[in-house]
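Letters A, B, C and D mark the chains as written, and numbering starts fresh at 1 in each.
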Amino acid sequence: MTMQQTDPRHLSIAYIGGGSRGWAWRLMTDLALEASLAGTVKLYDIDREAAGVNETIGNRLSGRPDVPGKWRYQAVNSLAEALSGADFVVISILPGTFREMRSDVHAPEACGIYQSVGDTTGPGGLIRALRTIPMYVTIAAAIRAHAPDAWVINYTNPMSICTRILYEIFPGVKAFGCCHEVFHTQLLLAQALKECGGVAGAPREAIKINVLGINHFTWLDRASYQTIDLFPLYRQFVEKYFETGYEEEAGRWERDFFASGQRVKFDLFRRYGLIAAAGDRHLAEFLPPWYLKDPETVREWKFSLTPVDYRIDNAKELIAKSRRLASGAEELPLDQTGEEGVRQMKALLGLGDLITNVNLPNRGQLSGVPLGAVVETNALFSRDRVQPVVAGQLPPEIQSLIIRHVYNQEATLRAGLTRDKELAFRAFMNDPLVTVGPADGRKLFDRMLANTAEYLPGWEL
Amino acid sequence: MTMQQTDPRHLSIAYIGGGSRGWAWRLMTDLALEASLAGTVKLYDIDREAAGVNETIGNRLSGRPDVPGKWRYQAVNSLAEALSGADFVVISILPGTFREMRSDVHAPEACGIYQSVGDTTGPGGLIRALRTIPMYVTIAAAIRAHAPDAWVINYTNPMSICTRILYEIFPGVKAFGCCHEVFHTQLLLAQALKECGGVAGAPREAIKINVLGINHFTWLDRASYQTIDLFPLYRQFVEKYFETGYEEEAGRWERDFFASGQRVKFDLFRRYGLIAAAGDRHLAEFLPPWYLKDPETVREWKFSLTPVDYRIDNAKELIAKSRRLASGAEELPLDQTGEEGVRQMKALLGLGDLITNVNLPNRGQLSGVPLGAVVETNALFSRDRVQPVVAGQLPPEIQSLIIRHVYNQEATLRAGLTRDKELAFRAFMNDPLVTVGPADGRKLFDRMLANTAEYLPGWEL
Amino acid sequence: MTMQQTDPRHLSIAYIGGGSRGWAWRLMTDLALEASLAGTVKLYDIDREAAGVNETIGNRLSGRPDVPGKWRYQAVNSLAEALSGADFVVISILPGTFREMRSDVHAPEACGIYQSVGDTTGPGGLIRALRTIPMYVTIAAAIRAHAPDAWVINYTNPMSICTRILYEIFPGVKAFGCCHEVFHTQLLLAQALKECGGVAGAPREAIKINVLGINHFTWLDRASYQTIDLFPLYRQFVEKYFETGYEEEAGRWERDFFASGQRVKFDLFRRYGLIAAAGDRHLAEFLPPWYLKDPETVREWKFSLTPVDYRIDNAKELIAKSRRLASGAEELPLDQTGEEGVRQMKALLGLGDLITNVNLPNRGQLSGVPLGAVVETNALFSRDRVQPVVAGQLPPEIQSLIIRHVYNQEATLRAGLTRDKELAFRAFMNDPLVTVGPADGRKLFDRMLANTAEYLPGWEL
Amino acid sequence: MTMQQTDPRHLSIAYIGGGSRGWAWRLMTDLALEASLAGTVKLYDIDREAAGVNETIGNRLSGRPDVPGKWRYQAVNSLAEALSGADFVVISILPGTFREMRSDVHAPEACGIYQSVGDTTGPGGLIRALRTIPMYVTIAAAIRAHAPDAWVINYTNPMSICTRILYEIFPGVKAFGCCHEVFHTQLLLAQALKECGGVAGAPREAIKINVLGINHFTWLDRASYQTIDLFPLYRQFVEKYFETGYEEEAGRWERDFFASGQRVKFDLFRRYGLIAAAGDRHLAEFLPPWYLKDPETVREWKFSLTPVDYRIDNAKELIAKSRRLASGAEELPLDQTGEEGVRQMKALLGLGDLITNVNLPNRGQLSGVPLGAVVETNALFSRDRVQPVVAGQLPPEIQSLIIRHVYNQEATLRAGLTRDKELAFRAFMNDPLVTVGPADGRKLFDRMLANTAEYLPGWEL
């Protein structure tokens, strides 16, 4: 399956989840800033109205004289319509509503199980995965039918399972999954370089790293800037800030649910010698409740449990903002978002190679993880190809932490595909955050599954 | 490396740990019952006196007129002496004393961590492994030097790590590890066959099984007797006895630390659909503290925490018994022990093929586990060869449970070989029974390591 | 997919190619000699009349008072009818007619390419494979539809490709491929044991071997009888008979196209140190034309090129014989045939384990060969399962000889499945017997393909 | 093993084979053109005098005012001296003399076996490998002892085996092998782009390719320039020039032993659909004698057999030239050589990432080839790391051609390391160019081995 020669000035992008008020605006912004590309973005969303608002926002943006990247935005009524003729497909959906998310994140608290995000792993991540699987089965089949040669970029969590389903349903899919957590770790390394190496201003892309692991539980075993090995500097940096935590803007973690003092990351470095490369909120969820034992422990480690109430309030604000953007009462700022989707598209078109970290089925890039499992490593993007870089292998003590999740994700995937409640429960009990026994675990699982039942078509609950 | 043609009537067996008061007598008994073999057993033990007593016991046994298998027993003073000229090497040692074992098993209780055995996994198993590693390095090097063509049978725990070291130090070693836990599961299946299938008297060897896993955490995905699939019968059996537990002799688990009501095994079958094939005391230790949460939970599941005090008392009785056996005041009974060492030796000599389960480095027999890791599956024993049978792969939800131990054993091994205290601690924290946080975990680890320091030559503690 | 409990006295066997005048009679004979089994054999053949004759022969045999194994034979009109309700499926078909076989075997002679059999490899084997593939696609789909739980025994050549297609089309198939070439090598080892070891009368089954390779190009790296290593004896035997060749009945190779002086096998042993375990006629075809350079060379090595004219004459005799058998003018002799189909069925029913060599997709039993490729090694037959024994790996110099065929068979398979003439030609040129250049090779290939065109539905030739 | 921070202006390069009159001058030239690097090059050669002459040539070059890259050249007397303190090691040696090379290349002609190069594969390549192995064992041990952290660039043929030995003897070595054959194929693709795509002046580095295979038998399955897929253009180009051959300078192949009309490459493309990416002289040697049947065939395919007499004459000219260069009678021209050694060094120092094709042990980059075998694919060069890019897998019909060489190289390596003449002969007979039978093959092998006996210390010949 090879891309025909594609004209970078007449592209077609299908955006699934096109009513999104975060990722969609980020993509619009990055496209607006890129003069070498042009074309149409078709916005598809089950919330048709939101897609329509984004159509207005996008076209208004293209109309601005300060915008070099001119695109036509068009809300469409079906997946098929969005995908037909697409060169690229972007997927960023919210599986379910805040009602289900509230159950994912907060229902386990009654059993003393705390989650900082609840969208990737842990009991909440697992239930979210089960809910997402049928949606991605539908999407994958539609891509196979309508856009088999398109490149597909996934942003939805749980990342590994979403990416895996696309390949499971349509083995020929040209898909990869993107996440910015590793980028943030590069920025932290740039801080360490400044603080402990005296070199300021290193751009993120110049922080060279080797990435190994699975999404949100990713590790670095090499990091450098130009001729400088960053590991000794990071070690100094960690020792300096371990107790206090490190923040560019002091105390922000107490105001911002997405910020942290990086203490989980620092502790993992001190204990394991490698750099954990995701936000502390994500890292903590993959481990036994070392950092998530209770809200006090979380506070000690200087990060937060993100309450769903906050997300609901935030969503209201975003809706209001979307109205302002659509009406012109507010303008999208033209700053690089730090996402890589547009850079990746350029590379895939042949406009310059790119090496960056992405989520892909293991084809040999990560030793010690079964072939086919979705892993996160660096990859080389070139015209119509994405080839992982051989990353090596994690040491056995970290493998032990990661590999249990790899197989548990596989169990979750199979449970979702075959609607097997017992198998889903086995996976649930395997999660390191599920510290209750089988009997209590069963009650919690049943309750959480019932709360998401609306999104489990065909299941016997 | 090929065995020269070996005369079954002039064999030489080196017994390392030859002062043993359990395994040594079992081997003596089985050799005594086997008319086709004869030769010398050299008993080596760091407790020279105990080896001497066993020499007397063994030779007295050979002198009995009712004994068909005539062997000469000889206590020797060095590993080299024992190994020179050996056709077979048997290793069953106790690494350390009851003092260290007491720490392994009971020190974690102060942190609310309970262990039923403490010799394979869990915090106790890990410390025991660290203590055992230098001993096995010495043994492996001696085998390489003095008996490179001999077949080596390991009985010492932790089984997987002991077997692994032999291959790590001497890749050409012809070693395998034996354990009777799976045999006991076959006997349980024979009970199910009788109770639910109406077929009594099936011998253990006729219960055909497929074995997958690692020692003491082994599973069966197929079991049959003649034309009968045993899974449906076992399912009935489990449902019948799940609540009450099953024992041939009712209530024995309350008197015998090694007995159980099989309720852990039954619960795992109900939850996973495969047959866990080890004693409940062993199985429970590989899992989160579902069954070992506290002594009350253990009691509910109808098994026991084996106190080291009991072992100490028992050892005193065995010493007294050894004196009686040496003096002739008591005789070893001539009943088959149910162990397979002698049957394996016969097969390796060419006296008839044998299929049985053993522990061997993975060479393809267990998919999903890294090559080289020691796994337990069936193997074909034939003249001068042991070839594993391809067992397939465990389902992902059980893989997730097992594979974390496989990598953690690897981490433990590397920690022991390189005397790396930090790496050992990482492995310690990875154990599912270690439910405390890193700070408390560190204190416990340091204390336990200090308690075994005498057996950690060259470590910086 | 598990066999339900099957009653050994009410079995149903589907015989595809049931008009066969060789393999069918062998199976009938072995079934007749086995008292523990009974049931129905459904004979399906595109030559309906031949199946009918075999029905008569089989039922006549069952009627004989000296026959303990009583079966009902029934010629049927369709694959579906044969397969419905089958516990076992036996496949032994002749793909095409002698007309196509004549082209396979003799057409290459015009280019100086000689083949001793032409049914497995070489230019003839490849064309035969292409012809067979669509037939096996049909058979595999019918098994999936009508007998998904049945055990399938394949006898048809090319063995590796036939077995592979069954798994390719129906991954859940329970199929294996059987060939008696290794058995004959065991008999030769028994001769060596007698001649050079002084032990007469060793039964074939007591010659224990380790089997590695692909069908008809199989090797032994271990062989023993009881306590005796057979390699030193075979070495003596080879040296004794290398020049003259070895035959139980002197000079038979000059009268019997299937006999040989074993000189190819002896030469391979002298050169490689391992025992090649197939007939010389088969072995020679997998190698460059070392032994097949021209008819004189073949004669020197004391084996024969089997002419298709001989097969035609022989077939006429067999037809006459079939009439005699059907009419009762002649009786099938009640001697064990040396085939293992019936023993395998018994083991699969649970009536006793069996270890024997079979052809199966590689699941780890043969290192160095890709997973999924069909390889020949020992396997353990037990109730409703066949599990390969881990055989190890061939040394690199033999791997080099074998692995090119493994990949070329894969190329041939893909060419057949996708009707890709160019790919088929690439595979053709890869064969070690095809010593002509690409231009002459193309002409030969086109001619041979045209000769078999009738059996290549949907190909563009 | 991590490089300490290395100062690009104070580097130390050990050049093994430092008397070389080709590769050494190329490196000198590229270093002279690179302003960002400086340091010392230590020249070690068993021809001490030649190293001394190169010292003079190098220092004279550094003294030229038009040279930005200033290096000190120093001939040294031992490997140890060269290696101590080295940041980089370059190896380009000539194993043996023209006397041995004459036997490698021309001795087989008596048996009708023609070789166009004879340094990589074929009978000549194999004997050369045997001769080279002990030299590389010595070099690898010296690197382990004196420069374990240095990066090692190998240029010597046979490339795969030389690189493999370095890792075999010193598993921690940081070595890779470089060859320019793929670069020449990129240049040919640039010609196709110009001729058939109308785009002139594309620099080699902008021709993006995916590289799969083993050195000198390498393939491309993807090639592009910016947004343009080069496969359709190359197809046109091949069809246009297949008959006549393609040369930038017409008829050059008749005057220049290293030139060709690319007809072998074109034929392989027409037959296999992938681009063979090495010179025709090299490609032809890996195949059956399709293109090397006899001198006439070679001529038809428009390439040459390189006679050793030519090399001898050429060497004389080079010696004369070296004198002129040392004396200043002639100056090295300051043109980029097209080699990548200096660019690779810069990338390894952290001065900018580089993706290029190199020879490395397979760690997952090439599916279908055993791990550890040396393969050629793209790799990412970054500060102190070289990571292969996952290249995928060759189609089975090309795998069949390549994999036999992979295993045969392994057999050759083991023969060389263990001085096993019989094993070497087995590998010899496995070569596709060895078209004679075993008896004639043995005579040729013995003769060729005797001719190189001086370089086989410790062999029993």
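Keep in mind that, in the parts below, a residue touches a chain if its C-beta (ideal position, glycine included) is under 8 Å from a C-beta of that chain, and two chains touch if they have at least 3 such contacts.
What you are looking at is a predicted structure, and each value in this text was computed from that prediction instead of being measured.
Number of steps on the shortest path from subunit B to subunit D, with steps defined by chain touch: 2. Computed from the mean C-alpha positions, the centre of subunit A lies at a distance of 54 Å from the centre of subunit C.
Between subunit C and subunit D the centroid-to-centroid distance comes to 45 Å (mean Cα coordinates, whole Å). Not a single residue position of subunit C touches two or more of the other chains.
Interchain contacts close the chains into one ring where each touches exactly two others, per the touch definition above. Taken together, the chains touch in the following pairs: A-B, A-D, B-C, C-D. Here subunit D touches subunit A in the complex through residues 2-3, 5-8, 208, 210, 222, 224-229, 349-351, 353, 355, 363-365, 367, 378, 380, 382-385, 387-392, going by the rule given at the top. Subunit B meets subunit A in the complex at residues 267, 271-273, 288-290, 293, 297, 368, 370, 395-397, 399-401, 403-408, 410-411, 414, 422-423, 425-427, 429-430, 435, 437-438.
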